[in-house]
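Shared chain: chain A. Partners: chain B in the first complex, chain C in the second.
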Partner chain A sequence: MTETTSNMVATPLLEVTNLKTWFPSGRGELKAVDGVSFSIAPGEVLGLVGESGSGKSITGFSIIGLIDEPGRIVEGSIRLEGRELVGLPSHGLRAIRGKTISMVFQDPMMTLNPVLSIGTQIKLALEAHENISATDARQRAIKALAQVRISDPETKVDFFPHQFSGGMRQRVAIAIALLHRPKLIICDEPTTALDVSIQAEILAEMKELVSELGTALIWISHDLAIVSSIADRVAVMKSGNIVEIGPALGVLTKPQHDYTKALLDALPSRAKPGELLLRGSGITDAAPPPRKSATANLPPLGGPYLVIDHAVKRFEKPVGLLHGLAIKSGLSQPVTVVQAVDGVSISLKRGEVLGLVGESGSGKSTLGRIAAGITVPTAGTIRLNGQPVMSAGRSPKKITTRIQTIFQDPFASLNGRMRIGDIIAEGPLAHRLVSRAEAPEYVKQWLAAVGLDPTFANRFPHQFSGGQRQRIAIARALAMQPDVIVCDEPVASLDVSIQAQIINLLIRLRAELDLSLIFISHDLSVVRRLCDRVAIMYQGRLVEEGEAGAIYADPQHAYTKRLLAAVPVLPQAAE
Partner chain B sequence: MRDTPLSRFLEEFRRNKVAVGAALFVFVIVLIALIAPLVTPQDPYDLAHLVLRDARRPPGYVGTGGYTHWLGTDSQGRDLLSAIIYGLRISLQMGIIASGIAFVIGAVVGCAAAYIGGRFESLTMRIVDLQLSFPAILLAFVIAAILGQGRYQLILALIFAQYAYFARTAHGAAAAERQKDYVEAALSIPLSSWRVVLRHILPNSMPPLIVVATVQVASAISLEATLSFLGVGLPPTEPSLGMLIANGFQYLLSGRYWISIYPGLALILFIVSLNLVGDQIRDQLNPRLRR
Partner chain C sequence: MLGFILQRLWQALVVVIAMSALVFCGVYAVGNPIDVLISPDATQDIRAAVIAQYGLDQPLWQQYFTFVGRILHGDFGRSFVYNMPVSELILSRLPATLELTLAAVLFASLVGIPIGMYAGYKPHSPVSRAIMALSILGFSVPTFWFGLMLIMVFAVQCGCMPAGGRGETVSLFGVDFSFLTGDGLSHMILPALNLALFKFSLMIRLARAGTRELMLSDTVKFARAAGLSEFTVLSRHVLRLISIPLVTVFGLELGSTLAFAVVTETIFSWPGLGKLIIDSITSLDRPVMVAYLMFVALLFIVINLVVDLAYALLDPRLRKGRA
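Now for the complex of A and B:
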């Protein structure tokens, strides 16, 4: 042991050389990781950054030996304190996994077992590497929870995963990862699924914990700003290779490689509000086809257009006859009512972009759906240019086509069994905006307008990437020739560079078509870039509303201040 | 090659050799059943061709007609091979027609219940659940007994016994699809309810229905065989496989095994193949079983 400790300074904790992890696919090999080399000193924090498909997660999985069949490490070596891990039999790997190297995954809901209490799961993790009595295990579990700042750990240790919030679950996952005092923790996008303020807390705690325990950390993320706030060194990955590696500040302020530069330039926080993002263009877009519907009786730009008045949305499960009787007689608990939107009044001026910001559960999406005429409000009115958006009566229906919606997940929002052309043409045909004969040409024009090849019309959605699908979704919304578009987190599931392209597309189309947008997002930097006005939602209510510049410069409400403080920021180069 | 959902499906199907074999077998059987009069040595229903002297002859016997009875003959001197092929033809007809109609009824009921929701959904789905709580054979038996013997009566009985499976499946799938973003996207255009159900929800609810359909065709055939065996199915003038088995049943212990065994074997082979194909389709269409 003394020998290894004395060598510690000289030899790195982990040394990866020329690592190649390939997956055989229908057409040859998919080279997910293709010659990656780096090393980590004990106690060092390395940020591994890249877009989806860059191989950053596979690199992490390769180190801990969790590559799923038929994928395999074809070449290279991974040395942990000088010991080769590649080619180690599975029981050898198991002895290391969780003890010397541990891992924290993106979705804590997926990694925690829903039917076991937290205490039991921690006990199992302890028993994997040591003999421990039940009472000792419980004490260790309580200590571990206290270490990750979970309040009242004596009670919480008997909780089940579903009794925790997302942030708490991720804390539990981190506590489990820290149990055996590993020398290295690999975190694979651990805060991506969390709200900004929770993310900021976890980042700060993680930073403290690793420096306290002297644990080395590999932090895998797509977000440069997050990585810059935690990592000592940053490695940028692109198509299975590390294109740039170096001290965090150096890489992020003086990037050497073109790809790193492009990645940084695509960040919305880097550009000035209202301007196109630097590296977002890529594809040249054609002008959109001329509008057919009358625009004569619209209010002037800047006049109030879409008016939401005291919108309320309660979600409650309908009570059946028997259940109702049971509640009345006191046998059953009354149904819990969720007040998603609690009396919100806001108006959208014609031609403006209104940012609707809030964390998950704030009711921003529900408000957006009410505005778009998808969700029927429990109370309140929504009027577009004085006309109601939904019909009256017992089962209201949307009666206007002037408001359209773009959804968050372009993989879910397109019908996979229809061709792109049919998806775009369906609405306009049903509402007679175009005739059947005109439809193919109309579709082509819109595909060109959103920067897609017009010949794509007879392909199916699965043949497109996420960014392309979102363009199709935009074309579908715009083909209805709306005046208002409700965008529900339209770039949240896209890579940074794709995100920039879509934002640029929205900025351009908005100007060309005089569109008014409601832009729902949790990403404050995107909102800053795109929106004229910002409304902050918290627990179903509007807590602050005003000009974007004013709110960002001088937030009034305590929640807004907290939200803005939690946004991770990139170090700026001194110029 | 064109990349459509169908072409991807076929591409994946081809990888399971057992399923491909079963599919080929099913295809050959269906083909033979379709062109039965051209391939059978004898028309088993034409009484003029039946010679009582040839009755109950073992397989390989060369009869009065001058051709070999490869699978022997039954108690009326019918060539068993021909009878089995004709029997398959009738069984297949019954299975496909009954399952097809049950499919349509079930899909409509299930999708409508899932889309409309509320009281309509509760009412229809409770009826379906009630029906599912009885064994299909019992329901079919009762209906067939009430309606009496005959082709249409039997089809009605089979539909009644089977539509509930389709309705339950369609309801489950459609209720899941109903929640998805693309349906919301269609409603936010807005498109009419009819269009949303027919063009969006129904096509996406198809995969589990197709899986159920392949299994249900097989089960309709065995149901029909069972009913015919029990004497409440098809009239003796249209002998399906079930009736052939029933006819040979009494000779089973006297050593004349072929009259019952061969139709039974044909039935088993066909149903197993259909189920193998159905299994593979289910594996492919159910994303939860994906590795």
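Now for the complex of A and C:
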């Protein structure tokens, strides 16, 4: 343990010594937190960084006394202003929670109760620590909302969570955490689920609030760049231990521990475009099996290949007979129509990687699904090498196997009841790319090609980690022997080092198989690494399109400029 | 909201029309009521006269339209057996079933939900395990056997409870109710308990499953992190969130209990609708059967509509979608 003590103030607000939180699992114990020590001065911001499973969230939950059963603190002490919290009875901890220490969670969609109004939820949190009348509670709620920059708080206090966007909900959660003026707030990845520009806003506001109120902050995150923009000191966690702790600038520019260095090197923003990332070369990948389908008749590399012409997608609910009548007579309000993609024309050249960037709700995923022949466009045509991707008629179907998709969530996109060999072989068998006798060998070749052990073929998806599952999803897409792959945020849910491995895999396979990729992402640094050309989407329209280098160096559209400005950047070492 | 209600009324109408045709044809396909109505030694003339009197000589479709036409005038026909208007007959039996059913369903919910929530809140405690064992018993024990045991123990052995009948009734707004008198209430306890057993177990299991899942959710964690007491978390957050599936089951169970309390009513000789329908089936009393089944269909439609409106009340997300 490398504990830098030079920064510690004489009377720390919180002092954690040798904290061990274990979870019994099977015969042994899962040592989620295994001997963590650190301290925080009043008003200080500590960044706690690590990959999933490093124990950073469990550390936060241990401090606030909310460890899920059957986990428990087996050793160590947590002192808040000199008072020991470990071993405190539950009512003693409850009196501290929300009052002296409060917490903000990762996913604002899940934390607020969907069936209670914002005002009621704030009132409940107020009543937890003081006797307060209904009218006073309402006034306090309005003030609390105003404090976190929610406009028109008098009206918003009666809103329900679903009437707010993700960023607004996280503001409400922060308002609740601030209600009793706590001395310490633990923020567990509070901006991970949000768009870049919202993230930048929340970060700025949080910084301001913390310095205004003198609150200390533990900011838990997997993203080094975000932490560097808010924290005074940074602690890096790995397998339940803090491997490095020190002033933010020092840790991020002159890392001492190998793990910190490796984490920094895996960041896409650190590498040059097109180059393999430093980590992720650990697994040797076999060459992909030979392609069977005829590859003649293809345009040369660099020629226009997949052409999307004026694609439009409107989402509207079907209206029943009487409901329709009620709308016409003005008794009922008309159904809202969402114009997800609003007349987009773009072409993908053969062999290139096109980045499709935008915030949530910009229509990028819908456009990707239209391109892949999954969603039927309301209007417009999609042609691959001059041939339509979908059949004509009332209920069009995808009629080509040359476009495949890799989805964002590798946990949801693989059928948990099928063996992965069957998952990969299903498509090729259905389209007679391989015979039933050839299938096992074919699957093995693809598993080897994406860097997985070929003997895994008869395992089930739940036996794999997120990164491995995404490799399986890639093998499934490639086994169909496509020319174009639509990747819908394929690395968004993965840790940095795993993310680097998957990006390396995509770069390699693209070169070996002459693939053309549409790479959908909200992460501008990943796109910069991988893509030749970038298209920026905003509210269903294409606002800017061009060579990746040009767009990053000299963005033309105001929205692109805003997006680029919002990306958190690591401090550069003054070497 | 108005559009939604219109839509539901339209659906209800379609269901009622389909139901009437289905029930009418189904019931008319089985048995011949004439054999039950007149003595076997009646002359052919009398037989023909009775058949003509009830319109049974006409083709099925004609009988159906006569039947629908009469319904539109509010006339459901006369019972062959009781020789009184069917609507009157059903209405006279409804209060008995209604009070019994409501007592059973309310008991099952008001006791079952808190117990189930406790079992979900502390899933590993011995008390929770006992509750769950009890609920499995409640699922598996046949109603008739449990009813007979109740009578054996409380009516025969102890003699502290009456074995059957409605007991003393009090007339309120021209309708007889048992629950307002001590004697009536004591007559009601055993059948209500018997009727509640299954629903009670169902409510326990549903409340437990919902609570158990929610206790691990971020919503509950966040509420706890804000310092809310466990009681507030359970009563204000968890109860509201599990209420939607509970209301669904409550509605369905209320409907099916009202319609099919047959076994319990027979065992405890409770003069409700269940007994009426069993009696009319054995005596092939067609008008009562048809009217009763129509009534049941209508009942389910109304209950489902109320349940849907309750959803909107409980879940603001639905309110907005249909506003």
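Throughout what follows, the second predicted complex is superposed on the first by the 565 of 575 C-alpha atoms of A that agree within 3 Å, B and C clash if a C-alpha of one lies under 4 Å from a C-alpha of the other, contacts with A are read in each partner's own complex, and residues count from 1 in each chain.
One rule holds for everything that comes next: a residue touches a chain if its C-beta (ideal position, glycine included) is under 8 Å from a C-beta of that chain, and two chains touch if they have at least 3 such contacts.
This is a predicted model, so every value here is computed, not measured.
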item: Chain B versus chain C as contact partner of A:463, first or second or both or neither; value: first
item: Contacts of A:430 with chain B and chain C, given as first, second, both or neither; value: first
item: Partner chain(s) touched by A:160 [first = chain B, second = chain C, both, neither]; value: second
item: Touching partner for A:113 - first (chain B), second (chain C), both, neither; value: second
item: Touching partner for A:405 - first (chain B), second (chain C), both, neither; value: first
item: Which of chain B and chain C A:397 touches, first, second, both or neither; value: first
item: Touched partner set for A:105, first chain B, second chain C, both or neither; value: second
item: Larger contact residue set on chain A - chain B or chain C; value: C
item: First, second, both or neither for A:413, with chain B first and chain C second; value: first
item: Touched partner set for A:129, first chain B, second chain C, both or neither; value: second
item: Chain A residues contacted in one complex by chain B, in the other by chain C; value: none
item: Chain B residues within the chain A interface of the complex; value: 3-5, 118, 180-182, 184-192, 195, 199-200, 203-204
item: Interfacial residue positions of chain A with respect to chain C in the complex; value: 64, 66, 68, 94-99, 102-103, 105-107, 110-117, 124-125, 127-129, 160, 162-163, 173, 176-177, 179-180, 320-323, 325-327, 331-333
item: Contact footprint of chain A on chain C as seen in their complex; value: 1-4, 6-7, 9-10, 216-219, 221-229, 232, 236-237, 240-241, 314-317, 320, 323
item: Contacting residues of chain A [partner chain B, same complex]; value: 318, 369, 372-374, 397-399, 401, 403-405, 407-409, 412-418, 426-427, 430-431, 459-460, 462-463, 473, 476, 480
